[in-house]
Structures are given as structure tokens and as C-alpha cells.
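What follows is subunit A paired twice: with subunit B in the first complex and subunit C in the second.
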Partner chain A sequence: MRTRTDLRWIWVIALAIALVLPWIFFDWKTSRHSGFVLTMLSEIGLMIVFALSFNMQMGQAGLLSFGHAVLFGLGGYTTAHALNAIRTSGIWFPLELVPLIGGMGGLAFGVVIGYIATKQRATAFAMITMGLSELVGAAALMFMTFFGGESGITTDRMIESSLVGASYSAPWQVYYLIVFWVFVSVALMWLHTQTPLGKMANAQRDNFERTQFVGYDPQLIRFWQFVVSGFFAGIAGSLYTIVYEIVTYDALAASKSANALLASYIGGVGGFFGPVLGATLVVLMQSGLSLLSNSWVLYIGVLFIVMVMYAPGGIVGLLGQHAPIARIGRLHELVLPYVRILVPALITVFGFVLLVELTSFVTIGATQGKKFKVGSLMIDAATAQPWMLAIGALLIGGLWLRLASRGFMRVWDGLIEEAKTLGGAAR
Partner chain B sequence: MEVFLVSLLNGLVYGMLLFMLASGLTLIFSMMGVLNFAHASAFMLGAYFAYSISLIAGFWVALFDAPILCGLLGAAIERFGLRRVHRNGHVAELLFTFGLAMVIEKVVQMSWGLLAVPYRIPAGLDFPLFSVYGTQFPAYRAFMLLISGLMFLAIWLALTRTRVGLVIQASLTHPEMARALGHDVPKVFTLVFASGMALAGLAGVIGGNYQTTSPSMAVTMGPIVFVVVVFGGLGSLLGCFIASLLMGLIQTFAVVLDYSAADLLANVGLTVTRSSPFGELLTMPLPRIGALLPYILLVLILWFRPRGLMGTRDT
Partner chain C sequence: MTAALSLADVRKQFGETKIIRGVSLDIAKGERHAIIGPNGAGKTTLFNLISGRFPITSGSISLNGERIDTLAPHEINRRGLSRSFQITSIFPNMTVFENIRCGLLWSRGYRYTSFRLLGRQKALNAESEALLERLNLQSRRDLIAGLLSYAEQRALEIGITIAGGAEVILLDEPTAGMSNTETEYAVNLIRTVSEGKTLLMVEHDMSVVFGLADRVSVVVYGEVIASDVPAAIRSNMAVQEAYLGAEAQ
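Then we have the complex of A and B:
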């Protein structure tokens, strides 16, 4: 069982990295943490829980939901109301346990929504969750007492009751609270995949009819899977409320649901850890790219389409495809072919990005009186040269990439073929 | 009576517009099993193309060219995108169109700006046609009704009187059998996808200046069209037609009927204010709930009758 021990090490390493990361960006001169980095890391943490809870439906049970953020957002609203109630009533309730309240909120709404939605599966399930998402989204803007309308519900995380005596006035304290809850949630969700419910969710995803023959009720499996997933989405929403101290309509809107979908799918819905990778990547792109470019949604969208078309297993799936070649110890033979496709790929990406940025600068940036600069280099979008460069790079890079990828596939197929025959001989 | 008649006409205009969008989507969904998220994007692109073309060549050229552009785009999407993704199953296809809708929205923002563009009704049609009890009915709405009526007729003739139409009908109800009989189903798919997108584009051309042409029009229209398709039922154009009109009428009438559940309860002698239990829900006026009605209907129909109003198969 070597792989099992390897996995245990990954948990420890990930925890160590999560604990150390904020100190890498620590400013020793002013002895202050970088607020931007802490917020981003916290966002990554809660998005990991959110994406994993989404994947409990999508990856594990084969239920594509377009309204997962409803559970996330309602968990957030529950937390905001709970925090306000704790403050005004003066009851002692430590902040460390508040995410449990959010989780219970997500679970309760999961029971209601799951009861309706899990009567169906496949496309009908996707449609019903979309309908419910629109419904709750519209209701959030209408009903003031629970949702607070457009301004949302504001709250204050400093409720002055804590198990460890922290005030949670500083973002780093909140960050460590989030690290704790993310690890607890991820571990629980991992353990859930090993339970009979988790296994049966896989079974009804893969063979719907046979599950029934074995004597299980797929609808009931779907329902419980949905409810458990709602619990973890609620925890994620709760962490969101604790970080930002406000919940608005955005927390349960369709775009938030789409985020979970993008993160899970880009990371890979097949394995357990895909969404962790995807959530990290999407938040990094969100916070990093959005500083550089208005068009980051476009880049994520294009990345998503490319993944759906060429790598339906996501990043984790792509890595997994290398496993048989690594087993026969021939991975090094792929280095040169990879370099060969990397060059035209970079040229294509460069051309595409330049074209997108030029277009969006002309229609949006220029009207806002901005200047188009790359480092210190000024680019005049009114002249033809940058446009020619962009289109040229895109066309030449694209054609070259097509040719190069054929060569790559030849090497790849050969290696996979050998891995198969060798693997067969070993067996 | 006056309100009723005007709302009826407006509901009809809106319902027919919905039908132009939904008919293509129903065909695509029923034949290919693809819930095309990019369908409303074609509606938006139709409006934007029409705006740009009408600046250069006028509205009447745009009326023909913009839908053709959308149709060509649809053919390209089906041929080079969907067909490739098809191997990975329906969910992958659905996700592909979902990503496409996202990208198209951003591309529209990039190319035409974040705000609405001034796409106006052509001057030749900008006059009141007749007036009902003092309320004027614009000629443009009559023109919209005419175009969508013609469209309905064209679809019906194409489906019942042409060979391709018969193959499409066959693929609607028995997709495997049609394939087994040796019809070039992939080609028919491309054709249906392209014509569906062209129809959505046409709806955009005539709907863009009726509503507003802004980057958010796909996001607002998309879910409603889905509701119509699911409500009408898989594989049934007639169901789709009824659902479109129903949804158009419901939404128009909900806006003009300024009542709430509290008013209803007042008739039986119960007074409800905002502070009483469920007061917020009960005093909510119907025009505000109107936006919710399509989704309530969607959830209810999927819950109790997943095959929709007149569908032949479960969704």
C-alpha cells in the first residue's frame, strides 16, 4: 500500500504549506501581514470547500447542479444572522464553532431543495437546480428581512467569545481559523467518499439501473448525497461570511454557482483532489489576473472550453494519463516533444492575449482614459503594428501548434502502446 | 377591458418572440440532447450584429444579414466544437455551450462596450398603428408579430413539406431509428443547430430594439427560454408554442395586475400587514412576483411532470 502512505504525506505537506504561506508574504519592515495575500488565501480555502462540496454532487453522484451557490449563500446568510443574534443577545458561543451553524443552515436548505431537485437526475436535475437558483436569486432581492435586499446583511465577526482567546480582529487569525475548517471539511469529505453512501453515489452515477436491482433507491441516495453536500457548502458560505463580514445577493447568484463548476471541471471532476487544484487556480486567476486585465473572465472561459474539448478529465486527469508512461520509466522521452509544442502554444497564447487586450482596450480602456502599457513599453492601439503582430502570432502559432501536436501525438501513442504491452507482460 | 386588451397584444408579441428563440432550442434539445446555453447568446449577437449592420446599410439589410451570420456561427460551433465534444457525452456538450455563452458575453462586452448600445426601431416603422381605448399600439410590435408569424409558418412548412423536415421529425421522436435507416444525422444536426441559431439571431434583430441591446440580454433571456422549452416538453413544437404564449401572457399580465395575496385575503375579511407572520410574502405585489413566476412553473413542472406539457419523452 505505497500509494496510501504517499497520500498521507500530501495531507501533512499541504497543512505545512498552508500554515507557512502567509509568513512568506510577511513584511518584516512594518511587521505586518499582506492583507491582499491573506484575503486571497482565505478565499482559496473557502473556494476549495465549496468546489469539493460541488463535486460531491457532480463528480461523485453525477448530478450537474447549476444552483450550488444557493446552498453556499444560504449558509452564509444563516451565519450572518447567527452572528448578529449572538452579538445582540450576548450568548457565549465561540466563533470557532460558528461555521457549524452555517453548515446546519446549508444542510437544512439542502433538505428542502434536495427534496425537490433530487426527484430527477441528469439534465432534468440540472434544469431544476437552475430554476431554483433563479428563484432564490430573485427572492433574495425582494425579501428584506432575511436577505436584506440589494445591500445584503452586514455582520461583525468580533463576537468576543472564542475557544482560544483570539479576538479575530486581525486577518491572520481569521486565516488560521479558515485553515482549520478547510482541513476538517476536506478530511470529512474525503472520509465520506469511503462510506457506503459515498460508494453508492458512485454506483448510481455509473449504473443507474443496476443500483436499483441491487436493492438501493437511487433517489434516496441522491437526496442524502445532496444534503451532505449542502452541509459542506454551508460551511464554505459560513467561512465566506466570517472573512468578508457581509453576505449579499452575489453569494448565491448564478455566477457563484458557475465558479464552483469552473473550478471543479478545470481541476478535474474524476478524482477527489481535482477541485482543490481547480479552486486554487481559479481564485489565483480571479485575484491575480483581474489586477492585470479586465478580460480575466474571458480567459477562464476559454480555458474551460479548451478543457472540455481536449481534457475532459481536467488537470488531474491530464496528469493521470502520464501514470502508465511513468510506470515504465519513460517519462523523460516526453520532455523534448513537450518543449516542441510549448513554443507554438506560447506564441498562440501571446497572439490571443494581445488581440483580446487590444480589442478590450479600444472599446473599454480608452474611454476610461487609460493607457495601454506593458511594463514601461507604451503600445499605441491606434496603429496597425500591434494588431498585425497579434493576428500574425495567433495564426502562425495556431498552425504550427496543429503540426507540432501531430508529432507529439505520435510519440505519445507509441509510448502508451509500449506501456500497455509491457504492463501486460508484467502481469 | 382596456388594460386587458393591450396586455393581451403585448403578451402575444412577447410570447411570439419567445417562441422564435425557443423553437430552435426545442429542436436542438430534442434531436441532439444538447441543452444549448449559447442559444440566448445568439439572440444577443443577432441584436448586436443588427445594430452594427444597420449603422452601415440600414435595418432591412440587417434583418437578413444578422440572422445569416448567427446561422454561420452556429454551423461552425456545431461542426468544429460540439461534434468533437459529443464523444464525451451530453454533460460535456452542455458544459461546452455553457463556456461558450460565458465567452460570447465577454466578447460582446469587449467589442461593443459594457453599456447598452442605441439600437433603435427603424424610422419607417416608428409610428402608432392604431389605438385601443386611447392606448396607442406601435406599428413595430405589429411588424414583430408579422415576422414571427411568418417564421412560424416557414418552420411548419419546412418540417412537414420537405424531405429534410421529415428526417428532422423522425429524429425528434426516434433518433436512433433515423440513424439506423441511413440518414446523415450529423449533417441534419449541423443544419438544425445552424437554423436554430439563425432563428435566435432573427429574434435578436427584432427584439433588440424592442427591449434594450446590452451585454446582459443573454443572461436575462436565457433562463426564460429554458423554462419555455422544458415547460413545453421535449420533442413537441406545439407544446413549445403554447408554452411560449403562456409565458409571454403570464409575464405581461403579472406586470399590470397590481394586487397581492393580502388584497385577496382582505376580501374574506383577513387583514394582513407587513408585520404579521409571512407578511412580507403576502403583501408582495404581483408585478414584483411576476419575475419569479416562470421559475416557479419550471420547478413545479419538473417536479410533477418532467416530460413537460406535451412532451413525448422525459427531460
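Then we have the complex of A and C:
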């Protein structure tokens, strides 16, 4: 039972961090919260729910969706209309419960879309979701009354009804509302994995034929899992609407679906918590890197490819692989090998980034009349030196990394082997 | 008395190829029935037709007098017919315990619910534990099923197959690829778990067949050429020619 108590502590620690985080960036001189940080943290929160709901299909049920944002976006639109209706009609409905409306919207559309998509599995399922994503995307630009065309639907979260007397005029109030819903949603999604439907979704993923011969209809397992996933995607979309007070076509577009996929894969689709890490990382990169570089999308793409190639289990999978070595208490023996590959890895990354930035500067930056500066150091992209440096670093770093990683794998394999024999003896 | 499982002139063809060419077979309640025959005779296809994995081309299949040949596999299973596969079919990424519990869920009325936590279902979990014990797998309880040894995986599959309490059990080569000790263990397991139930199994190992079965049917080239008690089958000339003779060489 030790692992269970450990897990409980993680929830408490995560909640404490979420509650305290905005205050670390609080400006005590002006007594103001950082708007940028609050928006970013809110975005992380709603993306965690979105990515986890994606993984209910991908990781838990083996259903790769290319149109998950449709459920997110429709939950968002439902919320925008609900908020506007509450405002104009003057009905008392607290903002704290509005995400439930978005959730029900996501669930309702989940029933419709899931009914079609879950008739198939595997590649056919992926193709259907892609088609439906295009279909809803086209519909969003056609049906003005519901989707508002290109300008989308604007709304106002200050509906003057609240369970706790908050006006939600300040972003920090919105942030705490999001923290509440993220924790409720994550907890519910975690509990879902422990229910008959959640377990049979795993079973259907592993061996759909077997589920038939224990009395289950795999198509209905997929359907109900899709619907539940739609509910949580709808909640995420609802939180999105509450934060930004506008929903546009972007909220249900393919690029939003891709975000959920990136976050889940980078974090790891195998376990439950991978997408939490992945969503956090992707939003940090989106908010942080986009300030530093025009090419931030490219970096996320490269990270995704590298993860899928070398760590298909994502970050959580990578950490998990260390578990057997940690169990025999030999983790410290990996420190030096890690340093040995870190140095060439950094050189490679440096070379790659410099090359990308130089190219991006020459093609985009220069025409905008910008100057290429690293700190106070001016770099002239018209000369050969920076290019030589970039290519040299990439080549030398890459070759060195290849050599170093061989040495690393020797140490790694040796430790894993020992862990296996020791583990066997202990049993 | 209606037969537990009854096949009447069942035919199956894939394109132009006739695989099952008019099989009629009645299996009485509580009978242990073995199907033998050379490779490619259509034994596994017959299982796939009975369990609803493939649709039949013509004829009829009845379970306790009820037609089942147009039903989906899960519907047939809910009516009390369960099967194992020639190639082990378990849930390889779940624990042994979870495998067994998944086998129990539908028959215990859990359906597709997302509102009950499995950890809290005392009766269900106790039942799963008891079955694990019968399978002699309790020491492997929390192991990922894919990591079990081959023989253990076969035992686990038998466990999943019988978990739901089906009255008619189909086992497709349950001892294939096992050593002598493992086979002995598997035969004892099959004998105990099929107690009071109707068992239909495909088997190549003659000692298993003659040790377990009340009746034996010989399938050759998509047809039943003989169906009788083991002793009669053993002395049947046609059978010896088609099957046992070839085996003895």
C-alpha cells in the first residue's frame, strides 16, 4: 500500500504548487499579478485536461484521433452561447458550474461523432476522425449563428453570479477556478481508469477480439470511452472560453488536435500522468520559446520526432526505465555517463539551433529589418563564420554524441542486466 | 432432451474453397467432446463458426435449442458459450488478476459503467482471487500477463474462458506446445474446470483426447467421418487410415 500513499502525496504537492505558483510572479511593488504568467498557467491547466481526455482515447483505448479538438472546440462554443444566454436572460447560474455545461456539450457531440467514428478502430478510426475534423471545420465557417464565422463567438465571463461571490474580473480569480476544475477533472479521469469501462477500454486496446469472447461488444466500449472523453474535452474547451472570452475556428481546428497529440506523446501515452507533463512542457514552449524565436513550432516538431524515435514511451516512459536501476540503488553510477552525453548533446543542439536561427533570419528576420543579436553580441548572417560554426557544431557534436551514446548504452545495459539478476534473486 | 450444442449441416466456404462441407453434430449437456483430425481439416474453422467469429455459409447452429448462427461473438458469449484460442489470446499488458477480472465483469452485470470503482467490488475481487487460486496462478497475481511463461499464459486463458461461468466451453488445442508435465497439469485443470459443463475441444495429443473425452469426432476434409466413444474411435478402421495411422508412422 506504500505506492498508494505516495501517490496521494503527489496530488497534495501538485495542488500546493498550483495554488502558490502565481504568487511567485507577484509584483509586490505594484501589488499586481503577472497577467502573462496567469494566462500561461491557465492555459497549462486547460491543456492538461485536454491532453488527458485525448489520452483516454489514445493511451487507454488505443484510438488515435486526429480530430480531438472538435470536442474541445464544440465544448467551447457551447460555453460561449451558454454564457451569453445567462447574461441576456438574467438567469442565476454560477460561473463555477459553467464548465459542466461545456462538458455536457462535449459529451453530446461526443455521442454524435463517436457514433460514427467508433464503428471502426485503428487506422480506419483515425481516418474517420480526420474527416470529421475537416467537416466540422468547414461547418464552423458556414453556420454563422452557432460558430460566428471567422470572427468566432465573443462572450463575457462576468455574469454576476457566483457561488463564492467572485466577479472574475481579475485573471487570478479565473486561474483559481481553473485550478479547481483541473483537479476535479484529472481526479475523475484517474478514477475512470479504475472502473469497468476504463479497464475494458484497456482490454479492448490490447486484444479487441478477446473482449468479444468475455461478453463485451468492443464497438460499444469504444463508443462509451469516446463519449466520456468528449465530456472532459468539453470541460477543457469550456475553461478555454472562460479564460479568453472568445472561441474561434482555431479552437476546433486540426492544429489544436495536433497539440493534444504532441503533448500526449511527448509526456508519454503509456501511463496516466504522461500527458500532464507533456501539456505543461508544450505550453511552456509555446509561451516561452515563442517569445525568443520565430521558429518555436519547428523546435516542438523536432522534439516530437526525437521523442517518438528514441523514447516512444515519452518523458514518463524514460523516467520509468530508470526504476529498476533506482531499485538496486545504483542510479548515481549513471551521473557521469549522463554528463558525458550531455556535453556533445548540447553542442549538437547549439549547432542545430544556430543553423535554424540563421536560416530563419536570412529568410524572414532580415526582411523585417531586424538585427541578429545574442545578448549584446551582433552576428552578421552575411558572413561565413556563424554558418561554419553552426555546421561544425552540428557535425562534430553529432558524431561525438554517437560515440558517447555507445559508451552510455554499455553502462546502461550493464546496470539493467544487474538489476534483472538481482531482482530475480530477491524474488 | 435438447443438446447443449447442435450443428446441423453446417457449411462454410471462403470464395470457391469449401472448408466445412456439411457438419452435423450434437453434443449433450455435460459431455466432454473432442474433435480430432489432420491439419487443415477445418477444426479451428468449425470453432470460429460456432463462436460467431466467422458467419456460416449455410446450415444452423443452436445453443440449448436456440439458433446462434446469426449472432455476434459477444452475444453468443452472453448466452453461455465461451472459447479459447489456438494462439494464446489474453490481455498481455494487464496484470494476471485484471485479466481474470475482465473475464468476470460482463457476467456479473457490470456492463459499460464508469460509476463503480473496481477496487471497491469486494465480491467480484474475491471471486477473481478464488479463480486465480484454482488456476494455481495466485503467486503471479500482479505480474503483467505478457510476462508469464507459455504454459501459465495458456492456464490464464482457460481461466478467462471459464470466468464468466459459461455452460459450454470451447478449447482450441489447450495443450499445444506444452511439455509432458505441463500437459498433465493442463489436463487436470481442464478436467476440474469443465466439471458439470459441456466441453468441446480440438486436440492433437491423443493421450489427452482419450484421457479426457467422453466422445470423439473425427473431422477430415471438412466432414465428420466418425463420432463415437473413444474406444470405438480407436478401433475404427476409417479413422486409423485417415488420421491415427499417419500419426503412428
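Annotations
Criterion: the second predicted complex is superposed on the first by the 427 of 427 C-alpha atoms of A that agree within 3 Å, B and C clash if a C-alpha of one lies under 4 Å from a C-alpha of the other, contacts with A are read in each partner's own complex, and residues count from 1 in each chain.
Definition applied: a residue touches a chain if its C-beta (ideal position, glycine included) is under 8 Å from a C-beta of that chain, and two chains touch if they have at least 3 such contacts.
What you see is a predicted model; the values in this text were computed from it and never measured.
By the touch criterion defined above, A:149 reaches neither subunit B nor subunit C. Applying the stated contact rule after C-alpha superposition, one finds that A:297 touches subunit B and leaves subunit C untouched.
In the overlay built on the shared chain, the residue A:312 is in contact with subunit B alone; subunit C does not reach it.
Applying the stated contact rule after C-alpha superposition, one finds that A:94 touches neither subunit B nor subunit C.
Using the contact criterion defined above for the overlaid structures, shared-chain residue A:398 touches neither subunit B nor subunit C, since it reaches no partner.
When the shared chain is aligned, no partner comes close enough to touch A:320: not subunit B, not subunit C.
After superposition on the shared chain, subunit A has more residues touched by B, the comparison being subunit B against subunit C.
Counting contacts as defined above, no subunit A residue meets subunit B in one complex and subunit C in the other.
Residues 51, 53, 72-74, 77-78, 82-83, 89-94, 98, 101-103, 105-107, 110-119, 160-161, 163-164 of subunit C are the ones that touch subunit A when the two sit in their complex. On the side of subunit A, the complex with subunit B involves touching residues 64, 116, 119-120, 122-124, 126-128, 130-132, 134-135, 138-139, 142-145, 254, 258, 261, 265, 295, 297-298, 300-302, 304-305, 308-309, 312, 356, 359-360, 363-364, 367. By the touch criterion given at the top, residues 191-192, 194-200, 202-203, 205-207, 209-218, 220-221, 224, 228 of subunit A touch subunit C in their complex. Interface of subunit B with subunit A (complex): residues 33, 35, 81, 84-85, 88, 90-92, 94-96, 98-100, 102-103, 106-107, 109-114, 219, 223, 226-227, 230, 280-281, 284, 288-289, 291-292, 295-296, 298-299, 302-303, 306, 314-315.
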